[in-house]
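Look for subunit A in each of the two complexes below; its partner is subunit B in the first and subunit C in the second.
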Partner chain A sequence: MPAFLRRLAKNFLLRRLLAMFATIFLVVTLTFFMVRLMPGNPIEVYINQQMSLTGISYQEAQNQAASLYNIDLTSPIWVQWVDYMKKMAVGDFGYSFSSPGTPVIKMIVDYLPWTIFSVGISIFISFILGIFMGMYIAYKRGGWMDHILSSFASITSSVPNYLVGILLLIFFGVQLRIIPFSVMRGTAPAGVEPGFSLEYLWGIFAHAILPMLTYIISTIGGWILTMKNTTMTTMGEDYVLVAKARGLKESRIIVHYVGRNAILPLFTTLVMQVGLLIGGSPLIETIFVYKGIGYALSNSLAQRDYPVMQAIFLCITISVIFANFAADLLYSKLDPRIKSNVTE
Partner chain B sequence: MARGEKVLTVEKLSIDYISRRGPVQAVRNVSFDLYAGENLCIIGESGSGKTTMGMSLVKLSPPSAVIKKGTILYTLGGKEYDVRSMSEAQLRAFRWKEVAMVFQGALNAFNPVIRIKKQFLDTGWAHNMKDNKEILRRSEELLRFVQLDPKRVLNSYQHELSGGMKQRVLIAMSLLLNPKILIMDECTSALDILTQRTIINLLKKIKEEMGIAFIFVSHDLSLAAELADRIVTIYAGRVVEMGTTEDIFKNAVHPYTRGLIKATPTVTGNEEGLTSIKGTPPDLIRLPAGCKFNPRCEFPTTQCYQEEPELVSIGKDHYVACLKADQSRD
Partner chain C sequence: MSLNEILQLIRKDKVGMVGFFVLLGLILMSYVGPYVIPLDEVVRVDRIYEAPTLAHPLGMDNMGRDIFSEIVHGGRDVLTVAILTGVLSTLIAFFLGAFSGFIGGKIDTFIMWVVDVFLTIPRFPLLLVLAAVITLDNIYLLSGLLAILSWPPLARSVRSQVLSVKTRDYIEAAKLLDLGTYHIIFKEILPNLMGYVIINFIFSMTAAVYSQVGLIFLGLVPLSGQNWGLMIQMAWTRGAIFYTGSLAYILAPIIVIALFQWAAIAFSRSLETIFNPRLRGAS
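Now for the complex of A and B:
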């Protein structure tokens, strides 16, 4: 093998990229077949409907359906798969079944930003608050704040997030009537021109507040407990004791000696969560009728809208894989001990 | 040996660890002095309370360790420091500047995510050295002194250094602020025999060239033989014998010290001469009555089971805590 090829084969980045594409290919193929194995088929339903309504033959009804949905129903499934893969490679995901004429890609572009907006901000707030609280109670363990926050964290991190959502809805919407949830459906205020006006920005925040609160409440406990744990472990490390013996200032030890080391293991989890963000949360977005990608996913699942489902699954796959990759790169930046693995 | 001024007085120091079963009496009524430029070696088995005592000298023992009574008084540069009554801020400025401590865990003594250079700077900054160039110049000088390549070491992370290198870097760092006293806790235990040799030679060099007073805390009597001017033997948290290195090696009186010497291999001796002390160190929560060494002693008397001996002088600078000190002195 020529030297440059050998070097290429050893290149970490290239190897990772190839592995990533292989994974994406595999996942797309699997979803393609799995989705088609699900019982119930909207096109069958449409064909049957047309047959009973207009009395046309099955063949005619099928032709009508095929032209309406722009889909080939008669060819063997593997031909459909090759066709799908070819189109997907150029970014064509076909049309939605449930709303004919809408390209899938347009639906993704419409729904996805809302999820990224609401979940992204929630992850950020939750992470920042969580690590500070975790660190605080690690230093003040045994104190009243430790008791309160630790119990809060254990409870909220063990309650499923949709329950938190429903409870918030009942508490703020029904009991206290603070939040007019009937007006708060959707993602943006009605009748306000989209743009960087204060009114619009406030509107989209107000609409996202309950889903965001739900995400924050259900994830912050995990951060608090993990951070408390890693901080306490790090506080017992020899280098922290030596730093004290060296007469370093308490603040410097807390931030640079304990903090930096305690936060390291949490970064991987954080980046992985950012990867999962693209999937949104079908349950939460359905509860609050927040029209993000999770809402679109649960609708498409209910209506057996294959092209939309497949496209969303693909988005999730890609973002998780890339997040994984980013986590590796980031970690090698943050922790000098594993640098050698990346630059080998 | 010409003796300098007294720099440290430890008097009647007692430290307990709080535990569920009751107080662990790690240090009991320990008194000793340290003189300028002197090497004092504190010898004891693991679990004898020697590390706890070493840590308490700069008030770094864990929160569960409580100093019950006693004084730790430094007289350095004409100033007196009573460690027990110092505030956190005073202690912070005092540590490393006046008394530096090199730990047992040197293998893990450096922050893994910060370069060594930064950790030298951190140390300087903490003690009001503002000039980075000056800190680094001094660091390089010290690293050369401990026979390391300064440029390479300063730009390394701790995982890029070997155990012996880290130990030497820590020793170099401990000298950064010209401390008057250096406490070394088991500074050679985790190292291979050749690296131990390097470190011991280095410590001799520091002693000769810098005139720092050392306290070695160790279980290794051969290290003490080589480095110490005076030796303190500790058993069950208590001083059982104290004397010059010559006193201890030639005229040891306490059966425990004698046992330790017998258990130390020599270059010329053969293995047959080696005997270990039978039994195990006592439970520091339920100490035996009378002399704490009685269960392991070869010739205990009835009195030994009733009365705990006081540390008494039996010669110039030679103290022992044994009821039978007179008989066993032949």
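Now for the complex of A and C:
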């Protein structure tokens, strides 16, 4: 192998990029076979349903199914697969069952940004707050703050997030009437022109407040506890002792020697968090009627709207894969050891 | 570490202790309770959403039935799914992970690639889509599916543990003595991984509770009978959150599930400090 090819093969970015596309390819293929070949797959079900409901011939029913799913059902399965992959590559997901004439891709463009917005901001807030609280109680170990925050964290991080959501709705929405939840359904304020006006921005924040609060409450505990642990472990490292012996300033040791090294292991969890939150969004968004991608998914499931379901699943998976990729790059920047150590 | 030492450490960690006893209590209530407390199935229209009394400590539900008896009877299916999923996924993960780490080479690379792909696909949406295609009408099918989706993280950890102990002297010695792969995995490597496996077992149990109650809440699992998840779903769809009198109906199952999750995780945290001496020294 020529030297430049060998270098290319060892390139971290390239390897990660290839792995990412391989995963996406595989997931798309899997969904194709899930919809086409599983026993009781939706296409068969649809054809049978149409035949018994409207009394049309198998041929006609098959044609209808073919146009809905964008698949030519008469050609061999591998030709169908190639065809399907081509269409997916250009974002042609076919049309929705339940709202005929709506291209699935349009629904995704409408719904996905809201989920990315609410989940993204929540993760950011919860991560930052959690890290500071975790570090704080690691230094003030055994104090009253430690007891309160640790117990709070251990409870909130273990309760399923959708139950936290229901509890928030019950107490802040219905019983105490602090948050007017019924006007806050949906994602954007009614009757306000979308744009960078203060009123609109405030509106979309207000509408996302309950889902975001749920995400933050259910993830912050994890950050607090892990940060407390990693900080305590890092405090015992030799280089921290040496830094102290060298008479470095306390603040410098806390931030640069302990803090930076204690945060590092948390980044892998950060990636998993993105996947978990977007993955759990069908539940949270259904509870608050927040019209993001998760809401759209659980709606399409309830209506057995397979093209939409399939496309949204792909979409969620691909966003998570991209998030993973971005986090990997970030992590390799933060910890140069990852990059040089190609073989693991 | 001897059993005595472990017991001593558990006694020292009060939160873990509480977790352990709550867990034990919930398991007893769910498996033994139904034989002691009969399920109240009498519809009483005049006693809908009655406030808690001594005879009915959690009040009455939307049809005037005793909520407490429903809670006692609703745990078995939820916990069975959790335990079965935990056992199955731990078994798959342990065997695949140990095999992969042991054999190395191309097969190892392939298995780890599968694990990577599994780990990147968000589990809950995949489960939702699968639930729309497969009819999950019994708890064994549900546990099987949950287990198939939840083994990868543990498999990877087991593999890396196997890799790290594989080259240790005592394994080399066992190999030289020609003790066989079976002996090496079960007698030399497994005891070292025990803490790890138990903690992961608990985690996959809590993950199974999350997923199954979530699925039930969205109405995607046509399960019947008494079940905490079904209680939440019923109370939610009947609008129990909107009145003060009906709150017990939705809060009771939420609280037992939350309690179970908290207890399991608190207990596993205290196990973690037992198996990881570094944490013990720090706290």
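Throughout what follows, the second predicted complex is superposed on the first by the 266 of 344 C-alpha atoms of A that agree within 3 Å, B and C clash if a C-alpha of one lies under 4 Å from a C-alpha of the other, contacts with A are read in each partner's own complex, and residues count from 1 in each chain.
The rule we apply is simple: a residue touches a chain if its C-beta (ideal position, glycine included) is under 8 Å from a C-beta of that chain, and two chains touch if they have at least 3 such contacts.
Treat the numbers as computed from the prediction; the structure is a model and nothing was measured.
Taken together through their common subunit A, the two structures put subunit B and subunit C side by side without a clash.
In the superposed model, A:261 lies in contact with subunit B only, and not with subunit C. After overlaying the two complexes on the shared chain, residue contacts for A:283 are found with subunit C alone; subunit B is out of touch. More subunit A residues lie in contact with C than with the other chain of the pair subunit B and subunit C. Judged by the touch definition given at the top, the superposed model places A:237 against subunit B, while subunit C stays out of reach. Contact with subunit B, but none with subunit C, is seen for A:248 once the two complexes are overlaid on the shared chain. In the superposition on chain A, A:313 contacts subunit C only, with no contact to subunit B. When both complexes are overlaid on chain A, the residue A:166 reaches subunit C alone and has no touch with subunit B.
After overlaying the two complexes on the shared chain, residue contacts for A:297 are found with subunit C alone; subunit B is out of touch.
Rounded to the nearest 10, the superposed model shows the Cα centres of subunit B and subunit C diverging by 70 degrees about the centre of subunit A. Closest contact between subunit B and subunit C, by C-alpha atoms in the overlaid model: 11 Å. Overlap of the subunit B and subunit C contact sets on subunit A: empty, with no shared residue. Every residue of subunit A that touches subunit B in the complex is listed here, in rising order: 237-239, 241-250, 252, 256-257, 260-261, 264, 334-337.
Every residue of subunit C that touches subunit A in the complex is listed here, in rising order: 15, 116-117, 120-126, 128-135, 206, 209-210, 213-214, 217-220, 232, 236, 241-242, 244, 247, 250-251, 254, 257-258, 261-262, 264-266, 269, 278-279, 281-283. Only residues 19, 23, 26-27, 31, 34-35, 38, 40-42, 141, 154-155, 157-160, 162-163, 166-167, 169-170, 174-175, 229, 232-233, 235-236, 275-276, 278-280, 282-283, 286, 297-298, 301-302, 304, 306, 309-310, 312-313, 316-317, 320-321, 324 of subunit A touch subunit C when the two sit together in their complex. Of all residues in subunit B, only 58, 60, 88, 92-97, 100-101, 103, 105-114, 122-123, 126-127, 157-159, 170, 173 touch subunit A in the complex they form.
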